[in-house]
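Down below are the structures I want you to see.
Same chain, two partners: chain A is paired with chain B first, then with chain C.
Now for the complex of A and B:
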């Protein structure tokens, strides 16, 4: 491995191609930590936003007008405002309102850090779209299938969980995948509240080492691979959920 | 359903009294009254739009009624405090368009309600489900999905699915209407066997031959009322009402 790093160092010395973020142990360390943060951020937000979508779509079918109105208000707020503004709102407006806790060094610090706020704001943002995506899937489920479950004694939650949701997911998977891919890419926005994710550390590195071009290529390649992997996984999921003789 | 106080099996298992139902301004049921005895096979016939299917749906509370009374084993169905689950454990329903769960295999379709609604043990439920699949002559199709089965096969899975709840009454809503003539036979055979086992059955049907052979009592409905009824021999031979005669002449 060391000889490979030496080779990259040689590229810099001989040709001016500056891949210092690979061959320098310190820079490599912070880049990898940044990438790991991105992966964590993306995975947590994807899971949370899907859960929000499922619960929101379930509440939308409620008979209580107030609940429906709340879900509708949530969707309108998060769909009709810019995600960056939402993130600033969470971090700069809501953040300081939260109670502070004392850490192990005896210093008071905010209860939620920038990473947690990024998770919340991105999950709610993508979740609002997921509610609408799940709703479109639910509306594609035949009423007669629901009626059959009803006549077998299933209650509303059981109908949703065992019949409607499994079918709805199959109907809306392509749209859901689109939104989740967008969410994975939107994690770069956490840069704005100083979450040390990939874009954030990359900009630190290129400021320190003046290798903007090489960092940009590295960044794009990283996201291409990350999202490509996600798309591959979702294609597998889609295949696994395929039911013989249904759809397609 | 814990048997309602005062109901004994020698009383009508379904008692329908002056039931009215409208959808908006469209009055579908305009005062329907009749009884079904335990073990009886009742066939409801009549032109489309005469309220036959609505009547069936009212019996297991899929559709609320506007006026009147429906009692199943002595329990008032038209009661806001009705425990729907208790009613649906007693009343199985099979639909014209089968309505199987398309993402579940035939076996899983049969197992789902006992597992999730009745919370019975998996082994016991599976054993019963396999037996029911055998009963409807679909052995070997346990792992097939609805989309891989013919209409007649799907309908027989749907019957097995309802039977898995161990109902006392089975409602059949034009269950052969969407099938081709070949497969109608296999579904009717299954229903006939059920009737012979003593299951109380109520069928909305256009299969006059079947109604005549298997039915204990025929009801002819038109425009929301029962026009005429009787045991099949007399009903088909000597229907007196002109509307019945006209309907029968068109269909036979």
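Now for the complex of A and C:
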């Protein structure tokens, strides 16, 4: 490995191709930590937003008019406002209103840091889309299937959890994948509230080491790999969940 | 058990999965109530801020509503004799959409080219820009294009907002290319064959027969992407353009009052909502109107 880093260092010395974020141990370390933060952020947001989508879609089937209107308001609001402004609203406007806690050094700090706020705002943003996606899947579940479950004595929650949702998820997987890929890409916006994710770390490195072009290429490659990997995994999931007799 | 019942006639998924990149706005159930709810919540936020201010401040300070009203012209139209604010966001969205649409049209046609080389290159460009995060592309364009270009003795300055517009148009271009490709592929083959039998050249077939038929089915996803683009415009504040987001933060910095945080950011959210929500509704309307019954 060391000889490879030496090769990259040589590339800089002889050709001016500055890949310092690979061969320098310190820069490499913080870049890798940034990438890890991005992956963590993406995974937590994906899980949370899917949960929000499931709950929201279930609430939309409620008999209470007020509850339905609230869910509808949430969806429309989060879908029709910029995610960046939402993030600022959460972090700068809601953040200071939160109670403060005392950390182990005896210093008062906000209860939620920038990472947590990024997770919350991104999850609510993507969750709004997921509610609609799940709902379209639920609407595609045949009436006869629901009636069959009803006649077998399932209650409302059981029908939703054991019968409707498993089918609905399969129906809406393509749309869901799409939205989740978008979510993974939107995690870059956490840059704006100084979450040390890949873009943030990259901008620090290119400011310190003046290697904007090389860093940019690395950054774009990283995100293409990340999205590519996610798409590959979801395609596997889609195949694994396939129910015979539906679709092609 | 009426809740889960879908359209009784459809056995499988209610609708084919949208092509990649067209996420969102699919089966929305829009009600004008949503607008009322959002505006109502905003009023509650402002009133809560007002109450908070009453409790905290000892000295005389302007009421929240008066402060919001005072800053609104700046946030909407930018500083006097300068172009900025929410109007700039809209202008950037129009321009980026125009650039993205024209470039995406050619990129989409390139993807169905008869030459394998053109096809592969167009495909690669589309995938690259479609799968990169907007903010990274924005940084890419902002930092790697010069601030002015010299052509034959003329110096053409490239202001930051123009570069940002170009940066935002790249993902739009790639996504619109996919829409173009998808809708061209959805035109029945018989259309191509009849055109051929009438001795149209390939170029004529595409421009005079296929694309005009595509316009209708491309419009709803195109509008959807316009809304997505508009909601991405605050990103240009990160790279230092005087848009509504930057000015809101400037206003907050000038006021130095923490009880203004929620109302001010809320106001900005409401601006975007009031602009984007009708577009979304109209998109749904057109989508339903143009829907092909199978």
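Going forward, the second predicted complex is superposed on the first by the 248 of 248 C-alpha atoms of A that agree within 3 Å, B and C clash if a C-alpha of one lies under 4 Å from a C-alpha of the other, contacts with A are read in each partner's own complex, and residues count from 1 in each chain.
Methods note: a contact is a pair of C-beta atoms (placed from the backbone, for glycine too) under 8 Å apart; a residue touches a chain by one contact, two chains touch by 3 or more.
Worth saying up front: this structure is predicted, and the values here are computed from it rather than measured.
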When chain B and chain C are modelled together on chain A, clash or fit: fit
Superposition-derived angle with apex at the Cα centre of chain A and sides reaching chain B and chain C, degrees in steps of 10: 100
Which of chain B and chain C A:158 touches, first, second, both or neither: first
Partner chain(s) touched by A:189 [first = chain B, second = chain C, both, neither]: second
A:244 touches, of chain B and chain C: first, second, both or neither? first
Partner chain in contact with A:227 - chain B first, chain C second, else both or neither: second
Which of chain B and chain C A:132 touches, first, second, both or neither: second
Residue contacts with chain A in the superposition, chain B compared against chain C: C
Partner chain(s) touched by A:200 [first = chain B, second = chain C, both, neither]: neither
Touching partner for A:148 - first (chain B), second (chain C), both, neither: first
CA minimum distance (chain B, chain C), superposed complexes, angstrom: 8
Overlapping contact positions on chain A, where the chain C interface meets the chain B interface: 142, 147, 150, 246
In the complex with chain A, residue positions of chain C that touch it: 1, 3-8, 10-15, 17-18, 20-31, 33-35, 37-38, 41, 128, 131-136, 139-140, 143-144, 227, 230-235, 237-238, 245, 249, 258, 261-262, 264-266, 268-269, 272-273, 276-277, 280
Complex contact set, residues of chain A against chain B: 142, 144-145, 147-155, 158, 162-163, 166-167, 170, 243-246
Parts of chain A lying in touch with chain C, wherever the complex brings them together: 61, 69-70, 72-73, 75-77, 79-86, 88-89, 92-94, 96-97, 129, 132-133, 135-143, 146-147, 150, 159, 164, 171-175, 178-179, 181-182, 185-189, 191-192, 199, 203, 206, 212-213, 216, 219-220, 223-224, 227-228, 246-247
Residues on chain B engaged by chain A in the complex (per definition of touch): 60, 62, 84-85, 88-89, 91-93, 95, 97, 99-103, 112-113, 116-118, 145-149, 158, 161-162, 165
